[in-house]
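What follows is a set of structures to go through.
Two complexes are shown next, each including chain A; its partner changes from chain B in the first to chain C in the second.
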Partner chain A sequence: MQERDTAQDVLSLGTSHFREANERIRDQLERVDRLTLEEVFAQRYLGCALPQGKHLAIHGTPGNDMAAYLDGGTIEVFGSAQDQIGNTMNDGEVIIHGRCGDAAGYAMRGGCIFIRDDCGWRAGINMKEYQDKQPIIVIGGDAGSFLGEYMAGGTILLLGNPGDHLATGMHGGVIYLREPPSTHALSSGITIAPLAEEDRVRIEQLLGRYRACFAGEVRANIPADAEEFLKLVPASSRPYASLYAN
Partner chain B sequence: MFFREDRPREGVVRIPSGCAIAGIMDRSGGRHDGTDILRSIALMHDRGNGLGGGFAAYGIYPEYKELYAFHIMYECQEARAQTEAYLDTYFMSEKQERIPTQDVASIKNPPDIWRYFAAPHPMRLNMSGFDEAEYTMQHVFHINSHIDGAFVASSGKDMGAFKGVGYPEDIGAFYRIEDYQAWAWTAHGRFPTNTPGWWGGAHPFTLLNWSVVHNGEISSYDANRRYVEQFGYRCNLQTDTEVITYLFDLLTRRHGFSQQMAAHIMTAPSWDEIDRMDAPCAAFETALRSVYASALVNGPFSVILGSEEGLLAINDRLKLRALMVAEHDRMVYLASEQAAIEVVCPEAASIRSIEGGVPFVVQLDEVVAREQGASGENIQLEAPLAHEIGVLPPRRKEVDHVRS
Partner chain C sequence: MFDRKVPTYKVLRDREACTNCGACVRQCSYGVHRIDEQSGKLVADHGACVNCQRCVLMCPPRAIAITKWPQVGTGSAVWTPDHMKDIAKQARTGAVLLSSMGNPEPYPTYWDHLLLNASQVTNPSIDPLREPMETRVFLGSRPVALRVNTRQHAVISDMPPQLRLDVPIMFSAMSFGSISLNTQRALALAAEELGTYFNCGEGGLHPDLERYANNTIVQVASGRFGVNPQYLNNAAAIEIKIGQGAKPGIGGHLPGEKIDGEVSRTRMIPEGTDAISPAPHHDIYSIEDLRQLIFSLKEATRYRKPIAVKIAAVHNAAAIASGMARAGADIIVIDGFRGGTGAAPKRIRNNVGIPIELALAAVDERLREEGIRSTVSLVVSGTIRDSADIVRAIALGADAVSIGSAALIAIGCHQCGDCASGRCNWGIATQDPALTKRIHPQSAAERIVNLVRAWNKEIEEMMGGMGINAIDSLRGNRLMLRGVGLNQKELDILGVKHAGE
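Coming up: the complex of A and B.
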């Protein structure tokens, strides 16, 4: 059912406290499926555990831990986001029309995050996967250091430059890069592997989705296919098994 | 007991926790009141827990800019009598008054807070063999260590710290910071890590013209403390933050480094990075890390340092804390969260994060102009320093011995 776009479906948060703001949002979402938040100033936990079928549009700057435990809902931010978006999110989609702060997708275990521009440090830290739970982060700009730190599963696609200490402690999942990392940025537990056909298909799907999310907003040089990409994977199933053994 | 030598050191009592920090500066030196900094720090209310809040303000006492402005907290009448007698001996006070405050329901049992505009006693200063700053610092340490119930909250010129136990917005209302005009403000909302909250332990932590607001915790505290104690700094205020203030004072005022270089020493590049540098750079960095090994600060932190030159912001090398910066016209804004900048300056463009281990520096235009005009060479002194020549000619013990 297409929801009507009336004034009732718009909440202005201003500088109200996050507890009050989240209560109002939850109340409203009992009645409607699509809700627009305006004048958002750093309220934490927005869209926390938002379920399937619910859609939140955020104007302003949402606070830390936005989309924590997201459970199938969709959150679109028309601006930039702060730290720890998608903390332990389970399912659903987060779209950021701007940049985001540190530790995006912290311990994420399902769903997708699309970031139009740069992200802070430690995006994808502790990401994990299990069977059909395959989390994805797509970053259109540059990433801060420690991208994919302790990554145990899922997919990160980065269009800009990776920072230092790339994939430190990564032992599962895959990172697709367009720009080659500097030699010192990679630890010995990580290898650059050739793209397989299934990687190309996946990259092209994600690029298509990225372009669709940010149509008309992004730089012209978004690649159309997977040709330029590299793939980072852990060197073995237990790359750090002997780290403390000798 | 407000302050005692036998208080537990930092680390003895541990309370786990984060904090909020913010800074606003007008590069042109134009002054603005405390309204914006109050709104900025208040937005980050939940990063603190009401056990500490405070503000540092630069340029607030232009009519007394040549004098040290001591902000002193007293827990009892005797502490004030004792401190004022001490100040009367070593300083010449031009004005003293209670700092105006306003009752705020949530601020409980505030100390009696006074300010003194004073110059060092000229004869005693001369006899001490110290320069003015060192002389003042020694006396600040004396009051903090030896006068029970007295605590010097700030001791700089044309600046002051306003701090206490409470949420920063309440502390700001208590001190009526909207009544002060400053070209730079910093603010702190505290969530005490490891140590109890008390009025003296609130941030900003200050010494002379330095002020530090800090979000994080310093794992290298004991190594840093042992190092600065060798140079006469006393770390017994139950907060790891004080050691950052002393390191900046030691490295810049006493060892002559720029603030950027001091920040660089405290967040030195890793040995891996040094190995990848070309030979001259690697040699330089190796020398710095070797000489100043104990000035390396480890642990998660973001810090805003205030001084008479401007503001400096720094994150730890691994960037375990967030700190954002934005500029608009002649204004510079810093805050732990992006929204805390936008709430006071919606038109701020180019909001970006401060990277780990890379200091962000903003200086007053007049300081920038002065430094551009300065020679790159070391300045040669035309006359010997006062303490290098005395009333009596230098004598050697062995000569005396021969004569007798």
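Coming up: the complex of A and C.
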């Protein structure tokens, strides 16, 4: 691994192994709060459990499980990300100037993920909320199948189209969409509900943040307000209440 | 009439001995006993009784006994009353049947077919009362070769983190939600006192238990309840739960009515919602993916904690265990099909998985064949009923065992098998404050400590009898075992000779 110049806040990862790369990153972050990673070649676990007050800017392609267990830190990727970004993340912010792979935000409990373009399958699976921990995923493009599977809390805002098996087993939280999903794509036990005033405020706030992150980068028009959105919520927080008999 | 609601048990009350004190009424959360308003006499709702025997033991004049309902069953050896009752219940509800504790079906228990050896004349036995015996065990991965600087008497090899167990017995994963906090407190206190570990299960770690971090194994399951960097680092080791002996291949649903304030706080989910653990981890679809999760946990804890991976004993356990070892698991945990549970679908519990004895023998054999057994630790669970079962398990190749049901029985569990109802009269499998206060953490811990210390003494005695003074010399030492009443195939899988050979 080579360190560019003497600048403490830039690290070039090259083809170094993830264990070595992450150790260098942690060492560097003991000294500085903001670190830029260059020539990133799919190293896994970048920003793993990154705490509050620390920031990573990533140039190149981060590997799987980026921002796993993220704990308040912020990560901005100038390119696309791979699978399982924000796995079990607790707090913080992830911004992807590109697309990302499967299972983004698996079991995330807090913080937010902004994806400029598409995401793979199973985004937001098992996402959950608790008190002031209200996780958010904003997807600028299309989502793969099983968006919001087993979702138990939090918010997903999708600007593009969802795939099949939308919200299978969802029992908490809310998904905002622009087009009503086809009946075969939508899983049973999910209700399409009209927006309330608080939903509008929420959506417009998130659109504003999306615009602030990616304005000038996206060709499609970013919706100006919440007018064309609808929301999906679970019909019950206990979808399996009558599944079992003791 | 169609529902075949014939009671299972009958409450017998000795009217002469009964003083009408009403203790039984107060003790029973199922409402079996009540005082009849008209006659002023104690009467019983037999159909509600689950035979937990709380009233039997708490009745001051010992006036209560529970028997089976005297009605003879109809049907045949094939169409048993149990099958017909289940059919009736499902015809009524259309629901999946739920059950608790381990597989109760009369499958072979191989522990009962394995006899231990003892020294006679040659290789004399050792008296543990006056000679040192070593039952300490270290769990974790080990380098293939150990490099030592002989001049400085120091190990140079990079040693992975190890767990030190003063006894070869840990406590199985039981989550807060499935058991009461007082029960978890008792297990934590006992683990600390014994120099071993309790496992908080997949329901997060309650703040009151954080002080036992050095004796805690935290679990990461598919629902990821309560998992954050603080949780992962506030433990001696982390266990990835892939499966559990009582319900291989499926996830778990803790129903909303069990998610009260404290359980909600610990799992970090809202009160009253179902806590759903999906069947698979959705970031694991292969051994390579398992490796990815193992290393994400190692990264999150800076490689300071051993990572265990727990699977249910299933048909291909040996090949899977080999993959787990190669995926970077430091400890392989295998739970047999008789392992207990707070709730599992009855058909899964009764029909899926294999006995731990066969899985253990197959896994140990496979890892040895591949030359990787010494690089990883092996822990087994699923009906360890006494110290002889532990000696058998270690001789079949385990490094240590975990006990769940035995520890609960030590503090009152009577194996009535109704944990899922959440009304446990012994204060174990319930969140009802009126019931959970029946477990006093300190005195319950003392009973668990007594049990484990007694077992450890018995292990020392059995080892001494074999002429073995360190548990390391017993591990995988299958010559210390002989089978009785087993066919050749079973003997081959267990890797033991028949008694007399």
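The rule we apply is simple: the second predicted complex is superposed on the first by the 233 of 246 C-alpha atoms of A that agree within 3 Å, B and C clash if a C-alpha of one lies under 4 Å from a C-alpha of the other, contacts with A are read in each partner's own complex, and residues count from 1 in each chain.
Here is the rule we go by: a contact is a pair of C-beta atoms (placed from the backbone, for glycine too) under 8 Å apart; a residue touches a chain by one contact, two chains touch by 3 or more.
In this text the structure is predicted, and so the values were computed from the model without any measurement.
Contact with neither chain B nor chain C is seen for A:Thr168 once the two complexes are overlaid on the shared chain. In the superposition on chain A, A:Asn64 contacts both chain B and chain C. Legend: residue contacts after superposition of the two complexes on their common chain; A:Glu129 is shown touching chain C, with no touch to chain B. In the superposed model, A:Arg44 makes contact with both chain B and chain C.
Of the two partner chains placed by superposition, A:Thr36 touches none, neither chain B nor chain C. In the superposition on chain A, contact of A:Ser145 is made with chain B only, not with chain C.
By the document's definition of touching, of the two partners only chain B reaches A:His184; chain C does not. Once the two complexes are overlaid on the shared chain, A:Thr74 sits clear of chain B and of chain C alike. Within chain A, the residues touched by chain B in the first complex and by chain C in the second are 18, 44, 64, 83.
Chain B makes touch with chain A in their complex at residues 43-46, 272, 276, 318-319, 322, 337-340, 342-343, 351, 353, 355-356. For chain A in complex with chain B, the touching residues are 15, 17-18, 40-42, 44, 60-61, 63-64, 80, 82-83, 101-102, 120-121, 144-146, 184. Taken together, the chain A residues at the contact with chain C in this complex read 18-19, 22, 26, 44-45, 48-49, 51, 64-65, 68-69, 71, 83-84, 87-88, 90, 103, 106-107, 109, 122, 125-126, 128-130, 133, 149-150, 152-153, 169, 171-172, 237-246.
Contacts from chain C toward chain A in the complex involve residues 89-90, 93, 95-98, 222-224, 227-229, 232, 253, 255-256, 264, 268-270, 272-274, 276, 278, 282-283, 292, 295-296, 299-300, 302, 343, 345, 418, 420-421.
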